[in-house]
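Look at the two complexes coming up: chain A is in both, with chain B in one and chain C in the other.
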Partner chain A sequence: MSALGGGSSGGEGINPVGTAVGIVLLLIAIGALYVLSPGLAFMSLIGVIIGGVLIGFGVHFVPVGGAPAAMGQSPGIATGVTMLAAGAGLAGLFGGAWAAELGFGVALAGGAIGGGLMMAVTCLMVNVIYVYGMGIPAASGKVAKDPITGDTFEAYKSQGTEGHGLPFISYVGGVIGGMLGGLGGTLIYLELLKVYEEFLPGMFNVPAEQILPLAVGLAGVFAIGMFLVNAVIAAYNITGTIEGPHDPKFKRFPRAVIGCAVASAVCGMLAIILVVM
Partner chain B sequence: MEELLFGIGISAIAGALATVSGAAEDTESDIGSQGDPNSQVQLAPQMGYIHRIYSKAISGEPPAYGLWCTLGAGLAWALMAINYNPVLAIVLGSAIAVFVQGVYATTAYLGRTASLAKFEQPVYIDVIKSVTTVTMAHAFVAIFTCVAMCFLMVNALGHPFPLPLLGLVWGIALGAAGSATGNPFYGKERQYQSQAFGAGVPISASGNIVRYAEAGQRSSLDNGWFTSKMGGPASGVCFGLIVFLELWRTIFFEEFAAGWGAVIAGVVLILIFMIIDRYVEVWARKTYGPYTEEAEEASS
Partner chain C sequence: MSVEITVSEGGMPHNKVLAIGLVGSLVCIYLTYMNTLANTQLFAFFGGLAAVFALWWGTDTIKHLCSYGLGTGVPSAGMIALGSGVIAMVLATKLSSMNMIPVSSVLIIPIGCVVIGAILGAILGYIANNIVNMNIPVMVVSLAELCIVGAITILGLATMVSGSFAFADLVTGSSTFFGVEVANYQSSVIGGGVIAVIFMLGAIAVQHAFNACLGPNESQDRTLMLAAECGFLSMITVAIMSFAFISFTAAVVSFIISAIGWVYTYKQYLVMSKRDAFMWLDAKPIREKEA
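And then the complex of A and B:
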């Protein structure tokens, strides 16, 4: 963890060999599906990849302090990156799936707002605990001034810590991260649902309404699974803690975006091939 | 109109269940020491501080609660499919899930603590006997209320996801909300009571957790008593608000503007929470003021 002095260096930049291998895998997955089923299934895979990229990018906005944050040693929310992003994104997916029948746009917006609302409530309660339960004002350890409010932090950091609490920029980052996570998760769900609704009735030779619960369940399970895959990849990129969009680690996101695109393409291809073949 | 009132009523009940669930979840994880502050419990013997705190953090709270709530919901769903009464099915499903949690807690405590043998940290059999059952009891409350809430969402509000899938979604969200909100209070306020109130724990004090209670050595049961005063209720309010507002904005505003009403309501709610957060932040800066070199423990 970074509060113990380690961690934030190393592994910067993009590894050209790894990226090339990833892009080849991505192209193979896209190409395979284009050969198998060029219409709806292919377009859905593109949607799934975009959803995965949104999740991976969104995780970088979520301020996470891990164990040091729980001791007031570093700023952020006192839990793991994957956990929090998954919680917010899945709350969004819940809202998005509910609004699915009202149309594509409403469902996506509903999913995004669901994730954002979860993070807004959580971040507020985190600050309430820091301020009223522990008597600690918010102070960032990574920047001298809050880029949104202009608050200075140096004098508000208690001795021997890297800052504490949840500055306003981290709060806003958390909400944006929750929204992107909810949006990406809902997009993956809707795209897979479309494919399953199209292909499952033919596969089992039953009427469409009879197969709907299976399609919804299957799309939901795969959406949650792909959500976790992308959140974990982004968490490895962040390695431990991040304060939000102002944190220097935020600049690492291009690596995660490439990784998430490749992973989503392969996972999405498997999820779609299940019914297309 | 009647349908709308019914929906709002169900939202309120689901919100209330979620509040209890969040409070029980945080108290359970503090007694079992499963959240992020557990790294300090693990570290303490290596720094020479032998303790009697339970330690069962093999995975984080969100995946653990995702598993238990999915188990509870899945078993309840299976029992309902063979025509069990829903209430009985949810109770039985949650009870079986709690036994899985108990097995997990025992093996996690034994494994984690035994790994510290070279630092002379003993495994206390009486701690296993007394604490495991108490975490199981709290876990039952958390799982039962979460599964009951999911049941309401499926059967009364008509969410398309099947019950086990909703159990997974809300179990992970429950763990995320509880671990985010409750952990700092347990980590700093409970484990570092020897440190000044109103300041973060210096990095140099890592591992020096408070090990003695008012009478004798502290065990994890004291943690439940302490954190249920603030960390638990705050986690409950957090999870309750998330569930209630998510349902309320959908049921109340989905009729407007072809579904966009719920989205607009969500944006307004987010902005309101942002304003409250900014107020809290400014209040803290004004009231506590900046730290100076002389006044490290000023605001006690």
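And then the complex of A and C:
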């Protein structure tokens, strides 16, 4: 029993039956919560779904090179999609959670900036290591010309590789991906926190400020859990390496967006049922 | 560029591993209920043993799933397992106190944990297989198994920390059992963020063993022994954390049992590594001067 680790046989295009079943599941989850508790809890579930979609979409921007990138044989950051997305998203999530008391907009902006900043620093250090440590120039293997700067790659690309380093477009994509991931993770956290702050005091008959650590703990661990679920589903969609928004694999994102919406709806419903039932 | 993932053939069939893991972990979690029956906390360590059973089974599931080539690396399977497992587990601990469910006994929690985990995991598997188009035959079953593994691992380790698997005990500081006057939510397993540490301990333990052993010479008993070793290593950390929540004696008992388990499995793992290695040199860092 042996199989190749690089390319899963994942089919192209959208599977109509699977997608239809997924959308039915999504509607069931939304409907169930609307029956149980319309109002705040229902609106929060919508927010959680939007957050999950943002994470799933944002992961596709992050340039991932995997093990080949560590050997300078493909462009991107030398680690897996899940780890990178988790790093960017959790950095954003912690930034946003810290700013949660300053208002919804500030917290969301904090989350987005936290995630984007983490990716910007990572991409910068990756390029420093590639250029000054390994002595290789940045060249994309998927396109001949950088869509933003217009630089050509052909002359710099080593034979037998799929490109190397981290071209400017990949850098920009990484920062956008980090911002979207941080934004989505923070949105999930804030929506869950709102629900728990509303319902937990009544459940335990204690004042709101006393229950706040519990609300923060629950919302935090659920936000991390949902972040990882969404990041892994997006990673399954990418299967291996992606250079950034100019990569042909980027066009697969609709599948991941639908998948993440369904997964977030189901997970979010379970997380909210915890307090409304 | 791809790395070949080779999986050993033979060994124990996966269904047998599944059965042993599921039954073993459930029995161990139910044994922690003796704490309530005997009004003590000495049996908290059974929660950790439940987590070891679950991790042992989860490693074989990951091996089964990853032999199809996910393209994303082995750790992602551990991440989705624990990410969905924590949601299933927290919801399950609340089952006995929900208005809509007539059963009010906490004994429903471990079974409920398995059921909720199976449903959530199957839905995620369906999403990965049919919406994202992975087309892997064992995807739905494997993700359902992994979600149960994640949920039981967190439930077991959380039980080991606090001595109980009921929601009210996990969210309320257990040092307040002298009187109910001020329940301190900040010093609880969930409110204090201890569950986040348990989450990461479980996620690393479940994915590490196969990630470390995969390759041309992978053998099932060695991989599973490493899984058990990772489980006991997590147990040691959890036993140290449990000093803050349960009685000193109970925490010491937990620590001793996890340390014994870890030393035994680590030694066994070394023996098996030597058995599977082409050659073994007992090299010494500093050569002694020959007389």
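Criterion: the second predicted complex is superposed on the first by the 267 of 277 C-alpha atoms of A that agree within 3 Å, B and C clash if a C-alpha of one lies under 4 Å from a C-alpha of the other, contacts with A are read in each partner's own complex, and residues count from 1 in each chain.
To be clear about the criterion, contacts are C-beta pairs under 8 Å (C-beta built on N, C-alpha and C of every residue); 3 or more make two chains touch, one makes a residue touch a chain.
Computed from a prediction, not measured in an experiment: that's the story for all the values here.
J.: Is this a clash or a fit when chain B and chain C both end up on chain A?
T.: Clash.
J.: Touching A:78 in the superposition: chain B (first), chain C (second), both, neither?
T.: It touches chain B, and chain C stays clear.
J.: Where does A:117 make contact in the superposed view: on chain B (first), on chain C (second), on both, or on neither?
T.: In the superposed model, A:117 contacts chain B only, not chain C.
J.: Is A:266 touching anything from chain B or chain C once the two structures are fitted on A? First, second, both or neither.
T.: Touch partner of A:266: chain C, not chain B.
J.: Please indicate which partner A:18 is in contact with in the superposed arrangement: first for chain B, second for chain C, both, or neither.
T.: Touch partner of A:18: chain C, not chain B.
J.: Looking at the overlay, what does A:91 touch: chain B (first), chain C (second), both, or neither?
T.: Only chain B; A:91 stays clear of chain C.
J.: Touching A:239, do we find chain B (first), chain C (second), both, or neither?
T.: In the superposed model, A:239 contacts chain C only, not chain B.
J.: Examine A:206 and indicate which partner it touches, taking first as chain B and second as chain C; both and neither are also allowed.
T.: So A:206 only meets chain C here.
J.: For A:274, is the partner it touches chain B (first), chain C (second), both, or none of the two (neither)?
T.: second
J.: Which holds for A:220: it touches chain B only (first), chain C only (second), both, or neither?
T.: Both partners, chain B and chain C.
J.: Counting contacts the way the document defines them, which residues of chain A are shared by the two interfaces, the one with chain B and the one with chain C?
T.: Correct list for chain A: 1, 3-5, 66-68, 73, 80, 82-83, 86, 162, 213, 216-217, 220-221, 224.
J.: Can you tell me which positions in chain B touch chain A when the two form their complex?
T.: 35-40, 60-63, 159-162, 165-166, 168-170, 172-173, 175-177, 179-189, 191-192, 197-206, 230-231, 234-235, 237-238, 241-242, 245-246, 249-250, 254, 258-260, 262-263, 266-267, 269-270, 273-274, 276-278, 280-281, 283-285, 288, 290-292, 296, 299-300
J.: Considering only the defined contacts, which chain A positions touch chain C in the complex?
T.: For chain A paired with chain C, touching residues are 1-15, 17-19, 21-22, 25, 66-68, 73-74, 80-83, 86, 162, 204, 206, 210-211, 213-214, 216-218, 220-222, 224-229, 231-233, 235-241, 255-256, 258-259, 262-263, 266-267, 270-271, 273-274, 277.
J.: Sort out for me which residues of chain A touch chain B in the complex.
T.: It comes out as residues 1, 3-5, 66-73, 77-80, 82-84, 86-88, 90-91, 93-95, 97-100, 102-103, 106, 109-110, 113-114, 116-118, 120-131, 133-138, 149, 151, 155-168, 171-172, 175, 213, 216-217, 220-221, 224.
J.: Please give the residue numbers of chain C that touch chain A in the complex, ascending.
T.: Residues in contact with chain A: 1-7, 9, 66-73, 75-77, 79-80, 82-88, 90-91, 94, 98-100, 116, 120, 123-124, 126-136, 171, 183, 185-186, 188, 190-193, 195-196, 199.
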